[in-house]
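Heads up, the next two complexes both have chain A, just with different partners, chain B and then chain C.
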Partner chain A sequence: MGNPYLEMRGVSKRFPGVQALTSVSFEAYAGEAVALIGANGAGKSTLMNVLGGNLQSDEGEILIGGQAVSINSPLAATANGIAFVHQEMAMLPTMTVAENIHISSFPTRAGIIDRKAMEASTAEVLTRLGCHFTPDTRIQVLSTGDRQMVEIARALLSKPSIIIFDEPTSSLTSREKARLFDVIRTLKTEGVTIIYITHFLDEIFNICERATVLRGGSTVGGGLLSELTTADIVHMMIGDVGLDTRSAKHSTQQREVVLKVTGLNRRGVIKDISFSLHKGEVLGLWGLLGSGRTEVARAIIGLDPIDDGQIEINTGSGLHPIRPREAQRWIGMVTEDRRNEGLLLPMSVKQNMSIANLRGLLSRWKLIDNRRETELATHFVNRLNIIISSLGQPVKTLSGGNQQKVVVGRWLELNPPIFIMDEPTRGLDVGAKAEIRRIIFELAEGGAAVLVISSEIEEMMALGERYLVMNRGQIVNELPGTSTKNELMGAAAGAAQME
Partner chain B sequence: MTTVQGSSVDNAGSLLTRLRQFVTAHRFFDILPILILVVVLVVLALFIPNFFNSRNIVNVFVQASTLGLMAIGMTVVMISGGIDLSIPSVMALSAIFGAMHLRDGGSIFVSCLIMLTVGIIAGSINGFAVAYLKMIPFVVTLAMMTIASGAAIWVTNSVSVPVFDEVFFDLILARIADIPRPIIIMVIMALIATLVVRRTLFGRWLYAVGVNVRAARASGVPTNLVIFLTYVISGAFAGLTAIILSARLGSASANMGNDGVVLDIVSSAVVGGVSIYGGIGSPLGAVMGAIFITVISNSMNMMQISFFTGLIIKGVVIIAFVAFDSLRKQ
Partner chain C sequence: MVQGTQINRFNLTTLRDFLLRQGFNVVLVVVVVFYALTAPRFFTVANFISLLHAAAPMMVIASGLALVVMTGKLDISVGSTAFLTTSVGTILMVRNGVDPITTLVILLAIGALIGAVNGLIIVVLKISPLIATLGTMIIVRGIGLEITKSTTISLPEEVRRLGNASIGPIFVDILIALAIMVIIHLVHTRTSFGRWLIALGNDQDTAARLGIRVNTVSFMSFVLSGLLATIGGVLTLVQVGAASPSIGSGLEFTAVSVIVIGGISLFGGEGSILPGALRGVLILEIIRNGLNFLGADPYAYRFVNGAIIFIAMYADSLRARLPVTTRTFEAPDTPKSG
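Presenting the complex of A and B:
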């Protein structure tokens, strides 16, 4: 196979207090796709940021085509033929595809933007990608999948020889995903080197030739994927930690209903949602991305308006209908986007943990009782094993896992009878994931009713006692806790194909 | 060539980043406004012999009291992430209605009540538009400012409404232990407002809304109600200020709330450490800021610097503090 086209040797990077990369080596050959795999915090992003010129490594060298190169800025990376397709697409929705693609380097003629040249080069790239929209289409009318294509088109414009894909499929439908893979295959035949970062192991076997696995900032393994199994890779990723095993399932027959949703509707978003949630139960809301899982949760607690439907909660003396805005007194919801819709980032751990329970902290004079606020926060920081330097520490300085525990702790302080957990372990490393799951079990054992939404089937398998399968805003199926992984996958996929 | 460009951009970027880190890392910057106030006072003491004359000091504080009260109202709105540009014009309109009632033989109590009520009504309209109709605070309150000042001129025909009531003057302006009541009212209101924002349910919600309204909502905070109330409160402070200012001036006129006043209020808040971006600041700080702004105006007066030069200096001070605010905001 000859020499690798791209080689990173002995790359080390230290951040204040953390050794992010320790002598990492990485190589990729022309015309192949290499999967870069690792748990959160393994160092994938840091390594790619070094390659993309966003970060400078402390030690190590980068060779492209056998030549040592210095990549000290994103522009230098582009000059060396490296392009980055980002996970989070930063686009200007009111501008056209052509404008978005050329935003960093408009072709000009006598100082005026050369619209013709711009649209011609855009059309060329779009044809290569098999896209059917024109260069003058505005971004805002495109689907997520098409936007992803625009992002790739932007990367292709500089005619790169190395393209880094960072979680490109996380918001794509299966059809869009297939199209993306076709594009990647074409790029490979053209001799482009692909670096593919993902959490989805099935994808890498589909599209990549080789894998490099990082753990804790070091290269721990890799090789040709034709010689590896999923189990091998998972083992390299997480080391010798036991995988999540399924919890004991109880029958839900005799337990009382604490939340009853009947005929919940929101035009164009969710339709005719009816279900019951029982005391001590973990109910999984399962479905593909965009099937309406999050929207159901948001409608129940009143974050989004509903057109009609009834929500009843057992407030102690049987089921009572409640208005959505009141629901948050009995339902604690951990939202999927903890940074934008969960934490008060600049505020302290203590204030973040008390915010849902302030009514319970008022003293005789209707003032917040500082001492009780501190006591409660201390109690839950200890119980959830949150690592902080002090209760006054701003939440934005915590790691993802600890931040998520703060959000969970906030609702534990309120101690509601019902919890909704929307992607409770997203973006967390394996250890933190396990801890959050343990907390969910403890809540259910303590008699709380928990509705869990997760995109990770392993997590669903580990947590759920019963599953509601969603598609296109409707509940289309209910599965028992004994369902196998294939049954769950089949239900979600089958539901999506039905229409 | 591209590489060279890239690195020079990076250098400028890293310099700013370092400045930012320095500002956020040192607690010293939290007390910067007070430090500057002290330095300015020392300079004034050296250059203006009469500055620390107790009459002048009392005078400065009385002047600062009305500005300070309005700045408290503004602070509450700004912590929630909004802004209320209508405070001075609403204040003037409230004063006019109250003064007209007093002029026509009404009671002092009812006059004061009218002034507070007009402020609260205007604030409620602002609050309703911003919180429930999701309108932009800047536009809503700018429109309210125009409406209130238009109404003030229309009602008065640009003639000031005299207030001649010794009992009213006495009630509002009398001294307690040699300190005029406006100063005492300002200090008490600042303390109460600080207690409210720091230790009550509303206060904690207020900061949460200012920091991240979506996160606050997801945590069960009634965000619309909180935002609505901030404008009601700033309206009420406009009404309270109207009472004191109409007594101090012995009249009420549309001119009380001229364009310069709103600038002074925003300056007071910003100099006092209230963030334009919401979520940071305290009423006590804003009152300190009001004193600072009044001291600057007063001393420029005494140094015989022209009004217009004074405006330029004030503008520069505000830009400096807003720059500091945005550096602090990482």
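Presenting the complex of A and C:
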């Protein structure tokens, strides 16, 4: 193997109060994909923002093809053949695909947009990506996976030699993922250098040749993936921290029922859902994507209307039927979509944590008791180990793991008897995942009943004491906590074949 | 049986979609047909020309406002800007004897300046567009009233005559207004600036991340809005032949109604100058014109106008909430053997 096409040497970057990068070195070869791995806050984004020209490093140099280059703006990055596919897609829904990918520099003729040239170059890139929509399709009608392709098309337009993919698969279905990987493979054969950032370790082994692992702003390891195992990488990422699993799986026979759902129906979505959830239990709702897991959760908590069925909650004096709309008083809901459903991003950590519990914070004069608000927030920040600079820090500046903990903390203030966790660790790094799992155990130990939905079977198996298996909107099986991975997969997949 | 209900439901949603997308075209046709049947002199060429004549200033003003609304913002100072134009123009020509061409240039500069002030307040001071332009709306009208001392001042006779200038049977201001609409339409649909306006209306943060100079584009949209409001004011002035304290009062709200009825979303990112804004102007003008023919109470127009605005706003919010069906465009499955 010759010299690396891209080399970053001794890159350091300091933010006020934080040393984000300490003499990081990174290299990538032409025609190869390098995985850039690290827990949240390890410095991946900072490093890539330096490469993408969004940030200036304090020290260090960047070499492309052996030549030292200065990248002091995103424009300079583009000029040096670097393209960035961001995790957060920048889509303009009411505009067409062609307009979206040309938006920052339209081809013009005498000031008038050259629509033909624009659509032709778009069509060319789309063909290269194997997309079947036309340049004049509105983004609005595209699925998330197709939008991701548009995002990549935009990056390809400048004919880059280095492409940075930041968490490209976090919102894709497995089929869309397979398509993306095909595209990356094609790009590699064309000699493009790929830098791939992700939390999903299985993807790395699937698509990358090489890995670089960051921890705490320094390079802690890496090498050819053919010589590494998942365990090696996880070890490099988080150091010597063991993964929590719940050792004792209790029997649920004697414990009292806190939530009983009978015959829940929503036409075309879920059918005849009945189950009980016990005090102190972690119940797994398992099924393939699209089997109706989230829809069950939404129906119980009153976010979607139901056609019929009954929801009973133990409100202290036995089970009482309640209207779904009222369920939110007893059920804390944590979803994967913390940004849209859970958090008020510009508001402070403290305000986010108290927002559901304002009534409980009223003083004698019916005003919000500031001191109690601070006390409670401090208490749960400590208990959940949320890393923040102050309680006044806006939630939008927190990492994903810490944001998720703020959502959990909010519900803890309210202390509901029931929690529904819908993909609570999606998009989080290994360390943050372990912490969220630990919190779920603690909730159950403390007597709360927890219904967990997860697409990751390892997570499901680590958490669940009992599993309900769903398929096409129905509960098709119930399995004990001792079930093996194969039994769980078989139940979900086998049920799929029965139809 | 089951199939029957499905077909039924399908028809209802398509009817709803049709009404949401084509509703105001339907209204336009219904209104025209209704007046044509009830008001004998309504459906004549002469009436349509006079109707367009009356609508000409609004065509220009609404085109400018549309550019701002497409970015998801609002400019309610357009009525006052048009009014100030008539006041300053009259004072310059009547009191100071400035010739009409110089006056026009000065007026355009003033309009652009008001737009620039709006733009700066919004972009630099980050004040909400509604509040910022509410402020300039009040101040600008104040200036206009001050310099004319709230009196009505007639234009010189030779300038007043321009108000009826026509080529053949068609008034010149109709041609000017239509030409301006075509130009703005081209700017909107065929230039980078036009696309950036829509990009801002989609999501300003996203637009900024894509490298669009969001502040410059916003600023320019307000300058254009001020400029076009001035041209609308000039057309009004020449038509009326005098500066009068009531000119342009409430005009900003008519302009907003035109925008909404024209299908330009107040949420930004959607809508067109042609046919959108033009259709909005025509619907309102035809309703007003027809009510005149029917000898309706002059205040009835306000009720009708108000009702139409409510319906248009409701339709806009419905459209915004309408779930867009997403499709997945994937390679067709390779046919399985056997």
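FYI, the second predicted complex is superposed on the first by the 347 of 499 C-alpha atoms of A that agree within 3 Å, B and C clash if a C-alpha of one lies under 4 Å from a C-alpha of the other, contacts with A are read in each partner's own complex, and residues count from 1 in each chain.
Please note the rule applied: a residue touches a chain if its C-beta (ideal position, glycine included) is under 8 Å from a C-beta of that chain, and two chains touch if they have at least 3 such contacts.
In this text, all values refer to a predicted model and were calculated from it rather than measured experimentally.
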>> I'd like to know which partner A:91 touches here: chain B for first, chain C for second, both or neither.
In response: second
> Thinking of the overlay built on chain A, is A:132 touched by chain B (first), by chain C (second), by both, or by neither?
Replying inline: second
>> Looking at A:74, would you say it contacts chain B, chain C, both, or neither? Reply first, second, both or neither.
In response: both
> Is A:346 touching the first partner chain B, the second partner chain C, both, or neither of them?
Replying inline: first
>> With both complexes overlaid on chain A, does A:333 touch chain B (first), chain C (second), both or neither?
In response: first
>> Taking the superposition on A as described, I'd like to know which of chain B and chain C A:224 touches: first, second, both or neither.
In response: neither
>> According to the stated criteria, A:120 is in contact with first (chain B), second (chain C), both, or neither; which is it?
In response: neither
>> Just to be sure I follow: which residues of chain A are touched by chain B in one complex and then by chain C in the other one?
In response: 74
> For the complex, which residues does chain A have touching chain B?
Replying inline: 72-76, 78-79, 303, 325, 328-329, 333, 335, 340-347, 351, 354-356, 358-359, 362, 366-368, 370, 410, 414
>> Please output the residues of chain C touching chain A within their complex, sorted ascending.
In response: 186, 190-192, 195-196, 198-199, 201-203, 206-207, 209-212, 269-270, 324-331
> How about chain B: which of its residues touch chain A in the complex?
Replying inline: 2-3, 5-7, 10, 195, 199-201, 204-205, 207-208, 211-212, 214-222, 279-280
> For chain A, which residues count as touching chain C in their complex?
Replying inline: 74, 86, 90-95, 99, 103-106, 108, 111-113, 115, 130-133, 137, 140-143, 145-146, 175, 179
